[in-house]
Each structure stands twice: as C-alpha cells, then as structure tokens.
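What follows is a group of structures, each given as structure tokens.
Two complexes are shown next, each including chain A; its partner changes from chain B in the first to chain C in the second.
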Partner chain A sequence: MESVLFGIGVTALAGALATIAGAAEDTESNIGSQGDPNSQVQLAPQMGYIHRIYNKAVSGEPPAYGLWVTISAGVAWAFMVTGMNPVLALVIASALAIFVQGVYATTAYLGRTASLAKFEQPVYIDVIKSVTTVTMAHAFVAVFPAVSMCYLIIAALNHPFPLALLGIVWGIALGAAGSATGNPFYGKERQYQSQKFGAGVPISASGNIVRYAEAGQRSSLDNGWFTAKLAGPASGICFGLIVFFELWRTVLFESAAAGWGAIIAGVVLILIFMIIDRYIEVWARKNYGPYKSESAEEVSA
Partner chain B sequence: MTVQVTASEGGIPHNTIMAVGLVGSLVCLYLTYANQFLNAEYAAFFGGLAAVFALLWGTDTIKHLCSYGIGTGVPSAGMIAFGTGVIAMLLATKVETVMPYSAPIAAVIFGAIVGAVSGWIANSVLKMNIPVMVRSITEMAIIGAIVLMGFTAVMAGGFSFDTLAVQEIAILGPLTMPSYAGSLLGGCLLAVSFMLGSIALQHPFNACLGPGEQQDRTLMLAAECGFLSMIVVAVISFAFVAFAAAMLSLIIAVVGFVYTYIRFIELSKRDAFAWLDAKPILEPEGED
Partner chain C sequence: MTAIEASSSGGEGINPVASVIAIVLILIAIAIAYFIAPPVAVSALIGVIVGGLLIGFGVHFVPVGGAPAAMGQSPGIATGVAMLAAGAGLAGLFGGAWAAANPEFGFAIVIASGAIGGGLLMAITCLMVNIVYIFGMGIPAASGKVAKDPITGDTQEAYKSQGTEGHGLPFISYVGGVIGGLLGGAGGTLIYYELLKLYSELLPSILSAEAAQVVPIAVSLAGIFAIGMFLVNAVLAAYNITGTIEGPHDPKFKRFPRAIIGCATASAVCGLFAILIVVV
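Our next item is the complex of A and B:
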C-alpha cells in the first residue's frame, strides 16, 4: 500500500513537472515562431508583407524538442555515470541543450531571412538579440522539467529504460503536445487577428499576418505574451494529463492480470477520452451553428 | 510532385561533394583506429571530423532530393537517413568483432543495401516517383551510418560492438566489473547521436531554403551543425574516454564551431537584403 501511495505521489509530481514543461514549450515555440504557423511567417515577405517576426525554422516542434530533451538526458546520464550529483547534472545538461537550441534558432533566422533577400526582407539584428535569449529562457523552463520528470520516472518508479531513451520518447511527446494544442492559438488567432473571427484564412489573406501593434510594430515577444494566456496553459494541461495518466495506470494496475491490467486501463482511458472529444465536438457544433457553405469552401481551399 | 525546382544554380557539383564527403569521412573513421596504438584515445576526435564530412555531403544530397517539391519533407529526410543508418551502423560494429578494421567499409556497404531497399519501397511501392529518390535515400543511409559511427567513436574511442556494449565500472575502489547498463549502448546514447545527427543533417538546407539559397552558405551551416553536435558528444565522452582525450575532442569541436558560426554569419550578411539594427519595417517600394 505504501509503495502505491509513493507511486501516486511521484505520478502527481511528474504530472506537475510535465504541465510546466508543456506551458513553457508552447510559449517558447510561439515566441520563436516554430511549427506550422511559421509557414505564414515565411510566406509573408513573398506576398509583400515585410515583418519583424522571428523565423525559427529548425524543424517541426516534435523532432526539435526530441533533440533538446535527448541532449539534456544523454549529457546528464554521462555526468551521473562519472559521479556527479543528479540535480547538478540535470541543470548543467539542460543548460548545454539550451545552448544548442539557441545556436539552432539564430542560424535558422539568419539562413531563412538571408534567402528571402529577393523579396526585400532585411535581417533585423535587434530581433535576434532580444528574441533569441527569451526563447532560450523559455526552452530551459521546458527542457529542465521534462528531463527531471524522466529522471524521476527512473529513480523513483524504477522504469527500465535508460535516461536518454525516455528523453527521446517524452521529448517528442512534449513537442507534439505543444504543437497540436498550442499552435491554433498562435497560427489562427494571433497571426490573423485582423481577419473577421471565424472567417478562416482565404488564399487572398495568405501571408497577411499581424505586423503592426496598437502603437508601433509587433515583435515575436508580443506573440509570447498573447499565447501565454491560453495556449501555454492548454498545452501544459495536455502534456501534464498525458504524463499523469500514463504513469497513473501503470502504478495502479500493473500488478493486475500479469501486467495486462495497465494495458487494459490504457485502452479504457483512450475510449473515455474519445467519447469526451466527440461530445465536445457535437456540443460546439450545436451551439455555434453548422458550417456555412461559404466558410466550408474557404476551409477546403 | 516530380517537377524539379532548382534551389540554386552553379556551385560545386554534387558528385564532387559526394566523393569528398565519402573519402574524407572514411579516412577520418580509419584514423580513429590510431587509438589502439596510443596510450589514451587521443584520435577519438577524428570521428567528429568524419561526421562533419558526411554532413556536408548529406546537406547537398537533401538539397537535390528536396528540389522535387517536398518542402515540409526536409526534416523527415534527416529522420529516414538515420533510421536506416542505425541498422547499418550496428550491423557494422558487430562485423568489426569478427573482421577487425572492417567496420567503416561495412557500414557503407550495409548502408547502401538498406538505403537502396527503403528508397525502392518509397519510390516504387509507395509510388512517390521522384527520379533521384533511390540514389538519395541510399546516400543518406550511408551518411546516417557514418555520422552515427563517427559520434560513437568520439564518445567511446572506438566502434567495435564490445567497446559499445560493455563498460568497466569501479566497485569497491580497485575492483572493476563489466556492466552493460553503464555502457554506450546500455545508456542508449545512440538516441542522442540519432537526434543530433538527424537534426544536423536536415537543418542546413531547411534553414537556408528559399530563392536566395547559396551553396557556400548552406554548406558552411552544415559544418557548423556538425561541430555543434560534436561539442555535445565530446561532453558525453568524458564518461568513457580519458580526460585528456575528451578535452582534446571538446577543444577541436569548440574551435571548429566558433569558426564556422562566424563564417556563416558573415555569409548571411553578404546574402541578406539589408542588415539592420533596431530599424522599423521597411515596406517594399514596388513589385518586381
């Protein structure tokens, strides 16, 4: 009984760490402008809309976060093998991973922007100076809890995987959660604030992203401020729930039916979430009306 | 999907880059065998240089493959290179235990086989119909295997299967015992090499693509990504090789990284439309 209680406590702690990681991950990717909304940032100068938005085209968020978290996990593992204190090892390893992240961010911005010279998009050095450090800080807040969570799973719950393998699995999951949950807030809400709400993005509006602020010009930091309110916490809850339920079912049901209990519990959880999703979708359609034919065309376009 | 969009004209032809990449990386991988004759693994850093050569070659391959309209497929190309490469690399390290000094060549041969099969599946079974697909995937599987082998050499000082799967760990002071969990494979450090290599392989072209892409700038970024990844594996190598050898790898990686990073910024400055500090948005004056 005590071991189960301990396991549930660790599960809750891991879920809390995952929530922090998810929230910071989404805010970081929106400040740096990574993931699918970045295609519009990339497109804007080609349509004649010169902007001062960061352009961090490293890859999709899942592979990128797979890399940062795996670097952190692998380096921390190596430090721990040589006898370093785990907490110190995790912090230094995360810092090294964030150094790599920062370098990748700057080279992506410089490379993409320099290749857009034909469309008169200049390189803004002050954007690099001010935004890169902020994305690095947010990435540290995302990577350190993620790798701490992996370490906790191994040290407290005796997970058989080595740290780097858990790092790659949960790093990709972290990026996927932030990308799937948070990006609509940035891509559809923020970039197209000037469009009529719910109008979709017609072809004629492609690349016409928000570039000017109430006073002055938008920078990517404003996007972070905007998405930190809803998109970040939503991504955090998403990733936190994934981690929490994953561990919770293992801790509680692994002893049942020779290990099959945890698998059955997982399938039941997926079914419950499918029912909830379907209910919300039907509820939203009923309350906000059916798709109108003209907006349906725009969606398909 | 089969319309070719040429990214940039001119520059060094692909076959030249491929020859330099293949020969350079194989020579560097063979130089790591010098570790057996030295009193510490001072030659481990040659593995990192092999990875840099292979990444230069790989960047140019990706540029050729992705000129066929697979823009969002650039990161996936890095992943498939390493997914196929890791099979070839592990098989080659096993061959090394039977036939000494054969691992680098074996990695190239196995990589070519695995790559050709998966390229054939992508092109003919999945019907992607991209003319350079089979050749490109074959090249990238070889590159993946070489980069993984190079990073492994930096981390562990060699790449025979036994070196990777067993690590002597100290118990009770002078006594040691072999441990799988403390080894390179047991710690799953291949996952780190995998992610480092696959992002480093796809990033240069992904970051530089666009109408103004220039080959020298893209290749400089490829070298920068290689050295940056080498910094990470050199830090990890402190757990496996002698302190002085790991320090040597780290210093070479940092020097190479700083040089290529500064050169890349200079080349970006050359190619950029304007290089502005704290200036407002310049609205375009007219359509061209």
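Our next item is the complex of A and C:
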C-alpha cells in the first residue's frame, strides 16, 4: 500500500512537471516562431509584408525538443555517474542544453531571415539580442521539468530505459503535444488577429500577418505574452494529462487482472476522452451553428 | 518522367517492379538472418517487419493538417505527420517497455500496453486540439473531404468557414487518430520486444557476462533501435501521404498498401543490421 501511495505521489509530481514543461514549450516555440504557423512568417516578406517576427523554424518542435531534452538527460547522467548530486546535475545539464538551444536559435534566425534577402527582409540585430535570450529562458523552463520528470520516472518508478533514452521519448512527445495543441492558437488567433473571430483564415489572406502593435511594430515577445493566455496552458494540460495518465494507470492497475488492469484502465480513459470530444463537438455545432444555411445549400446543390 | 511531369499528389497506384524488388529485398534479409544467425534472430526479424508494417499503416490514420491547420484552413492536427506519429508511438514504446520489464507479463500484455500508451496520447492530444479550436478560437470541426462524417452522420459542408477546406477534428478524424496511436504504439513496442528478447539471449555469451548484467545494454540497444526504426517507418509513411491527411476517410488513405510494402522493406533491412551487431 505504501509503495502504491508513493507511486501515486510521484505520478502527481511528474504530471505537474510535465504541465509546466508543456506550457513553457509552447510559449517558447511561439516567441521563437518555431511551429507550423511560421510558414506565414516566412511567406510574409515574399508577399511584400516586411516584419520583425523571430523566425527559427529550421526544425519542427518535436525533434528540436527531442534534441534538447536528450542533451540535458545525457549530460545529467554523466554528472551523476561522477557522483554529483542529482538535483544539481539536472539543473546544470539543463543550462548546458539551453546553450545549444541558443546557438540553434541564433543560427536558425540568421539563416532563415538571410534567405529572404531578395525580398528585402532585413536581419534585425536588436531582435536577435532581445528575443533569443527570452526563448532560451523559456526553453530552460521547459527542458528542466521534462528531464526532471524523466529522472523521477527512472529513480522512483523503476522504468527500465536509461535517462537519455527517456529524454528522446518524452522530448519528442513534449514537442508533439505542444505543437499540436498550441499551433492553431498562435497561427490563427495571433498571426491573423485582424481576421474574423470564429472562422478559419481564408486561403487568399495567406502571408498577410499582423505586423503592427498598439505602438510601433509587433515583437515576437508580444506573441509569447498573448499565447501564454491559452495556447501555453492548454499545451501544458495536454502534456501533463498524457504523462499523468500514462503513469497513473500503470502504477495503480498494473498488478490487477494479471497485468491487464493497466490496459483496461487505458481503454476506459480513451473512451472517456472520446465521449468528452464528441460532446464538445456537438456543443460547438449547436452553439456556433453552420456558416451558411444547410437547406439553402441542398437546394443550390 | 521528369519531376515536372510527375503528379504533385504522388500518384495512387503500386509500382509492380518496385514492389517485386521490395519483396526480394525482404526475402534476402530473412535468408541472411536464417543462414548466419540462430533461429531466434529470424523470428525477431519477422517481428521487426510486422512492427514496421503496423507503424506504416498506423501513420495513415493520424489526422495531420500541417501548416494550413495552424491557420484553421484545413482539418487535422497542426503539426507534421512523422513527428506526431513518432510522439504517439514513442509514448506507446514507453508503456510497452515498462510492461516488458516485468517478467510475469507475456507477449500480449506487453504489446497491448504499448498500443494503449500510443492511443492514450492521441486521445488526449486530439481532445485538446478540439478544445483549443472550439473554446479558444470559436471554430466548430468540419471535414473538407467528406459531405457527412462516416461515423456520426453529421453534415460537414455548412460548417466550413468561407475560403477554407475545413478545420478542427471531426469525430472520424478523432477516432482515426486514436487508431493510429494504437497501431503505432503496438508496432514500436513489437520491434522493441523482439529485439530485447534477441539481445538478452545472445549478449551474455558475446560479452561473457551474466544474463542480469547485460540487461541495461540489451534494453538500451533495443530501445534506441526501436526509436530509430519508428522514425524510419513514420517518415516513409509521411512521404507516401505527401503533406496532410484527414484520417481513414481521406482519399489519400487508400495509398496505404504502398507504404506497407515500403515500410516492410525498410524494417527488414534495418532489422537485419540490428541483428547483425550481435551475431557477426
């Protein structure tokens, strides 16, 4: 009983760490414009819209976070082998991984923006100075909890994978959850803030991103402020739920029904999430309604 | 045919010559394993090939909208096919590897654990995508590929906003995402489990060590090969999809036989190398 209680406590802590990691990951990727909406940041100068948005999407979020979390996990493991205190090792290793992220961000911004030279998009040195360090700070807040969570899973829950391997697994999953959940909000609600609320961006508007703020030109730092209100927390909840329920069902039900307990619990959880999804889908159809009359469409068809 | 003449959609049919070459390559890989490795290696290679098939097939179920989905211009999850599938499959591998570490659990429990791990990640991710679309952006889900949702029968056309191909995840896409996660998780775990068994059996004699001593090496090797092969198969399937797919109701879904042949071949060749490192 005591071990189950301990396991649930660790599960809750790992879920909380994952929530922080997910929220910071999405905010970092939006400040650095690393998600899919960056296609519009890259496209805008080609359509004649010069901007001051950061642009570091030379890699998707999942492989980038796979790299950074794995570097942190590998270095932390090496420190721990030499006898360093695990907490100190995790902090220092995460800081070292963030220097790699900083190099990545700087070279990616310079490379991507320089490729737009023939469309007269300048490389802004002050943008590199002001935004790169902010993405690094957010990346630290994402990577440190993620690698700490991996360490907890091994040290307290006895997962067989070594730390670096768990870093790859959960780093990629962190990037996948963050980009899947957060990207639409950054892309539609922020980059195309001038478009109507409650509808997708018409394809004809592509490239015409919002470039001006209340005073002066819009900065990528404002994008982080804006998306931290919904996309960041939503990504955090997404990744937190994934980690929490993955651990929870195993810790609590693994020994039930000759090993099938955790699987049955997983099936039940999937069905519950499916029912919630169907409920909100129907709720949206009822409350928002169709964009055009269905009967008129049938007549015209 | 030049690149300009080639269809941007990548074509639909199966190339018979390429398919025959692929099958010959698979048979050669199995034959090499049969003649130079112990029998356990052949069964491991077949497990790796089946795992690769499951991953390649599963990726076609995952509703991925890429960059257009991030602007609410097309349905699906706003990220890349290979990366989303990898995220789900690796979460499945995490669960499967945990179950495989328990000696009391057999093959079925290990594979089912991996499948549920991948399915659970997709179930939560797809739900959060719809929550952001509906409550954050005020946009209902609508498919651009079918007039009615094949599962619920909901009409789709009127719920598409002007100038877009749809948005969000209609229920069929949600179910497709979960199925894709289940198949990806099961496939990745199958590769891991087969290689783990092989390494656990052969490494003690190679390293002149006790069985318990080689467990960390066997786990690490099998884990990294499973992750690598997962990415190989996910990327191959993503090339077959060419960009975005809504799920099992998307016309692009019919291309999956071609991906299965490609993934089986890639898995056979990669699997052979994974076997040779402990045999030669």
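Quick notes
By our rule, the second predicted complex is superposed on the first by the 289 of 301 C-alpha atoms of A that agree within 3 Å, B and C clash if a C-alpha of one lies under 4 Å from a C-alpha of the other, contacts with A are read in each partner's own complex, and residues count from 1 in each chain.
In this section, contacts are C-beta pairs under 8 Å (C-beta built on N, C-alpha and C of every residue); 3 or more make two chains touch, one makes a residue touch a chain.
None of the values given here were measured: they were computed from a predicted structure.
By the touch criterion defined above, A:162 lies against chain B and chain C together after alignment on the C-alpha atoms of chain A. Of the two partner chains, chain B is the only one that A:113 touches; chain C does not reach it. Touch counts on chain A: comparing chain C and chain B, the chain ahead is C.
When the two structures are aligned on the shared chain, A:104 is found in touch with chain B, with no touch to chain C.
With both structures placed on the common chain, the touch criterion links A:188 to chain C but leaves chain B unconnected. Residue contacts after overlaying the shared chain place A:126 against chain B, while chain C stays out of touching range. In the superposition on chain A, A:60 contacts both chain B and chain C.
Put simply, chain A uses residues 60, 63, 161-162, 165, 168 to touch chain B in one complex and chain C in the other. Across the interface of their complex, chain A is touched by residues 74-75, 78-79, 181-182, 186-189, 191-192, 194-196, 198-199, 202-204, 206-213, 217-218, 221, 224-225, 228, 231-232, 235-240, 261, 264-265, 267-269, 271-285, 287-288 of chain B.
Residue ranges of chain A in contact with chain B, taken from their complex: 48, 50-52, 57-60, 63-64, 66-67, 70-71, 73-75, 77-79, 81-82, 96, 100, 103-104, 107-108, 110-126, 161-165, 167-168, 211-212, 217. Contact residues on chain A toward chain C in their complex (touch as defined above): 35-37, 39-40, 60-63, 158-162, 165-166, 168-170, 172-173, 175-177, 179-189, 191-192, 197-206, 230-231, 234-235, 237-238, 241-242, 245-246, 249-250, 254, 258-260, 262-263, 266-267, 269-270, 273-274, 276-278, 280-281, 283-285, 288, 290-294, 297.
Residues of chain C that touch chain A in their complex: 66-73, 77-80, 83-84, 86-88, 90-91, 93-95, 97-102, 104-106, 109, 112-113, 116-117, 119-121, 123-141, 152, 154-155, 157-171, 174-175, 178, 215-216, 219-220, 223-224, 227.
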